[in-house]
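All chains are identified by letter, namely A, B and C, in their written order; residue positions are counted from 1 within each chain.
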Amino acid sequence: MEFLGPNYLIGNQTGLALFASIKDLPIIDAHNHADVKAIWENGNFSDIWQAEAATDHYVWECLRKRGVTEEFLTGKDRTNEEKWLALAEVFDELVGNPTYEWVHLDLKRLLGIDELICAENGKLIWDKAKAALARPEMRQQQMLQAMNVEVMCSTDDPVDSLEYHRKLAEAKCPVRVLPTFRPDKAMNIFKPDWREYIGKLEACVGTTFESVLDLVAALQQRHDYFAENGCVASDHGVEVPFAFDVEEEDADEIFRKAYAGHELEDDEAVLFMSYLLNEVAEMDADKGWVFQLHIGAVRDVRDSLFDEIGPDTGGDISDHMTDIVTPLRDLLNRFDDRLDIVLYNLNPVHTGTLAQLTRAFGARVNLGLAWWLNDSPIGMKRQLEYVGSVDVLMNMAGMVSDSRKVPSYASRHEMFRRVLADVVGEMVERGQMPLPLAERLVRTLAYERPKQLFKL
Amino acid sequence: MEFLGPNYLIGNQTGLALFASIKDLPIIDAHNHADVKAIWENGNFSDIWQAEAATDHYVWECLRKRGVTEEFLTGKDRTNEEKWLALAEVFDELVGNPTYEWVHLDLKRLLGIDELICAENGKLIWDKAKAALARPEMRQQQMLQAMNVEVMCSTDDPVDSLEYHRKLAEAKCPVRVLPTFRPDKAMNIFKPDWREYIGKLEACVGTTFESVLDLVAALQQRHDYFAENGCVASDHGVEVPFAFDVEEEDADEIFRKAYAGHELEDDEAVLFMSYLLNEVAEMDADKGWVFQLHIGAVRDVRDSLFDEIGPDTGGDISDHMTDIVTPLRDLLNRFDDRLDIVLYNLNPVHTGTLAQLTRAFGARVNLGLAWWLNDSPIGMKRQLEYVGSVDVLMNMAGMVSDSRKVPSYASRHEMFRRVLADVVGEMVERGQMPLPLAERLVRTLAYERPKQLFKL
Amino acid sequence: MEFLGPNYLIGNQTGLALFASIKDLPIIDAHNHADVKAIWENGNFSDIWQAEAATDHYVWECLRKRGVTEEFLTGKDRTNEEKWLALAEVFDELVGNPTYEWVHLDLKRLLGIDELICAENGKLIWDKAKAALARPEMRQQQMLQAMNVEVMCSTDDPVDSLEYHRKLAEAKCPVRVLPTFRPDKAMNIFKPDWREYIGKLEACVGTTFESVLDLVAALQQRHDYFAENGCVASDHGVEVPFAFDVEEEDADEIFRKAYAGHELEDDEAVLFMSYLLNEVAEMDADKGWVFQLHIGAVRDVRDSLFDEIGPDTGGDISDHMTDIVTPLRDLLNRFDDRLDIVLYNLNPVHTGTLAQLTRAFGARVNLGLAWWLNDSPIGMKRQLEYVGSVDVLMNMAGMVSDSRKVPSYASRHEMFRRVLADVVGEMVERGQMPLPLAERLVRTLAYERPKQLFKL
């Protein structure tokens, strides 16, 4: 029962043996938010705040719950050391939240710091981490290698030049860093900044759009460019997975209206988004890419965060009332058996629906692991227990870290591998599967399945 | 931790003792999809594909996930042996899904075959099963007796002649096979084949319908006929349990419109279905039958399966967004305390709502066990754990297999009894109930309760 | 595995030690339905039916499931002894429902009666309890002291005179009994008795309302009066938490329409309720009170109970289809960081949404423990397991009993403390938190957090 000790998250003997068999497998991380420029530049993290908290809104959210103000989180008037000490002041009150475990895992496994973060240890850990992070083997690329990362796929806008992906590839960086095509900004026609974004996309491809087909052509051009640079998947962050069958002429009319600056009805936005999502899926099908849907994030619910700090700062939630089946079924049928689709499950209420959809649609529609607010130990455990009972576990797409900071890749994957070993180990101990198949199952989900699915 | 060994699914000592006390009780199976003609004919299964896979879309769905094509599942150009060998090729990849357990349970408990299904063993098991299935004690009636099935209720359309139920009754078959009245096709006015079905019903009763009352009279006539043949329950498979109070004249107008071949509005279909469901409930109340609602199946979501193979082939799911309370409350109030109602729970998201409804409506409205995509070990376990906390466990309607193949009855009921013993055993070990009451509880749900509720 | 023995509800050694460390802490109970007049009068309960069942619809609901009729529950023609014996006749069939545990806990811990309630023991327990309840130390105030209740907050209508709260305070009753401001009747403009209630409120403050502002002023006057009498919180029981931003003039128009006796559209009721809820929240923010929302109770679903016996008799449920995010977000943003809000979670399907909302809105928006149909051992356990993974456990508002009978306070809190110790203990044993922090966490949620949050 040592904190983060050998038995961490594993409650049965078979699970311990299963974990031992997979813990050293390389990491395939098919979805994250890596700062590729920073990886290319290969600097050291200046300090532990920079490494662990500066880019991670999971940490901010928890600290806000304990009264830490924006001044010490996202503000510009405090030093990183002041911020870290403010974090340390309340960190033990986060206990029970996986953030408490993740940050300590990073300290312990990566930096060799065993102290618990608390008011008394704040300065000590600051100093120890400062020294540890300054070592040459803690440069970003070396850190990724130390964590045994084999391939990782960042999340990139179609207008991105992929300059740093190219540089890393040319330099034969031992950790492969591939782009992912994420055209959310082109999709989100209901947002105030859509028109401005379309301008950027026009500039990027050097044309002026006269119809929705020009927009599609531009995305196709960037899709091709991404392919040339190693991309193997598109990804789409949607609250509701609108993917109805829509005629081109209807989409075109809506496009022209919005392009001209007129406001749209809600229904029009739904039709446009549906059309464009289907078009990108078509491009993916042509190239044999994986089409990923991250379903259910309700964005920017807390106005004060959005207004003062911006998006992706902690104001996102999910909602049990999100409709999935009706909006998504047209696309699933249109691409039946000719596109690899991965559905990511954010709200635990959606698990059953998604698992049953993936069961119904056969070999090429599959679930990703529990995502974001659901990828805690209990979230992943409950997802694995239930999903296996409806769908086929061997089909799941494997763990992705969704990570926003380099030091966290290994901790994220360790947590998943332990939960997986625990769940499967318990099934073995309850006589639900033979041990050799359990060994194959955990190895598949921990490594082989994402490698094969994403062709990595 | 032996696969399907003595401790299968049971994680506590008390649970093992509880299971021992109920494992040999006869099986009462109040809902399944038995092929009654085949039971009457009492043949042997030709081979293991015929026995285990030919009629079971659970198996097909899992095999599709691993890339097995329709040619080897539902196609007509492959022999059963070729199909079985294709199944064996990938079967170990289904591990973790209850289908893996159910099929092995059938092999092991019924046919005495202990080998695991896998590429290497495919032919061996084919041969062993061929021999085992050919024995006289493996004819269908003898197989049911060997599994200790006391009564089973098939699912039958009102136009069914019940010829084979009658023959079995006349022959005093030791396994009682009763019909269940399932008028879904008369209800589903929104379906393209409704009008054609109404023609069949007219032919069956020898009248031409001039109003909705004629339709009701025809159903009443068949209801009476089913009663004469031992029927004790009606059953209704509904996506949304529409059961609003509707005036006869409104229903009649809608009936005439659809009868004349005109298309209906969605709202009209809802009103008609509500009306007719209430009418059948009235017939059940008059006769003291049990009124069963299977709630939440969203049918035929995958077009390719429906178009090429038909309904009930694996394209059905459930949806967390199904509305239950509003559509159902009129009927629950109308029949308050004068009709035995069983609600079956398909999507785990609906569990709380259903359990609270059954709690509120007293002694005669009760839950059935977790159904279909929810009757896996984890699905049943979670349902039992939660339902007991809201409703009264002793009131649950007991296990039904929903089975589509004869060899599976015992395995289905064994799985339920083990999960029940595990859940109740854990409650005893946690000091939540005295052991003698736990013994009574598991015996009640495993046998006595369905016998009493369905008057079997 | 003794029934209600030392290990009751606790499955791990660490959990047992954690429970030992908190079991004797005083009880802070910030929400219940105490009969304050009865507490002031400080009588003895006449008998065990009066103490345990006469005011508790949880008991009635379970007994109805086993066929006990209203005559023996809510009727007036049977003696309490006859009712108790009818209860005893079927009580062992309630096993598995927490009511079985709660009532036995009260008997065992409070009255020292160890016998199980069953047909044979009914009369014996009746007699033993009669004697035990007659002792001077079982008068209501002494009973609350014996259970170590430090503070308890009843639920009171704005027109309540608080006469008995005042008397208890003046008499320096060692158990502090504070009022809670619950203006549901003023909010519920859609109900037939709203207009009549408004008359009562006018009489109470001695004015005639000419606009919605007069209504608000009346509530403000009563809010001030409640504050003078020790009130620290408002509470609101809502099916859907309608709290949209609404202009005063719109609310005023709707108010005048309803005041004049005209029927409202559904939308109008929503706007009025939204307006008034925001106004009360404003009063709470001004005074530093806690604003509590009990979300999701669908009231009086079973007509026969409502028509014949009235509200709060067992016809309430919750519905997975309740919308929360959209109706509630305006209020959460309007009061961002300037009001302490507690959201109570009734349907397990809403847990994720609520926990994510409280995570997003920072330090002052927090979850209450699982409520009502969800505060069983399994309901609380699942809530704690999941909520900790998304939100911060230290922030939860602590246990409230929601109790409707004096003898149950200690049993309710014991059950919570045991479940808390079990969940946290298991996290320690799985290496998810260091033991000293676990000790702090359970102590915080069992006692310190509600004391600090409600300023008790």
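As a working rule, a contact is a pair of C-beta atoms (placed from the backbone, for glycine too) under 8 Å apart; a residue touches a chain by one contact, two chains touch by 3 or more.
These figures come from a predicted structure and were not determined experimentally.
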{"item": "Magnitude of the superposing rotation for chain A and chain B (Cα, nearest 5°)", "value": "120"}
{"item": "Chain C against chain B, contact positions shared by both copies (same if over half, else different)", "value": "different"}
{"item": "Euclidean distance of C-alpha centroids - chain B vs chain C, Å", "value": "39"}
{"item": "Residues of chain C touching at least two other chains", "value": "320-321, 349"}
{"item": "Interfacial residue positions of chain B with respect to chain C in the complex", "value": "14, 320-321, 323-325, 329, 332-333, 336-337, 349-350, 352-353, 356-357, 359-363, 385-386, 388-395, 424, 427-435, 437-438, 440-441"}
{"item": "Contact set on chain A toward chain C in their complex", "value": "1-5, 7-11, 61-62, 64-67, 92-98, 100-101, 116, 298, 301-305, 314-321, 347-349, 373-374, 376-379"}
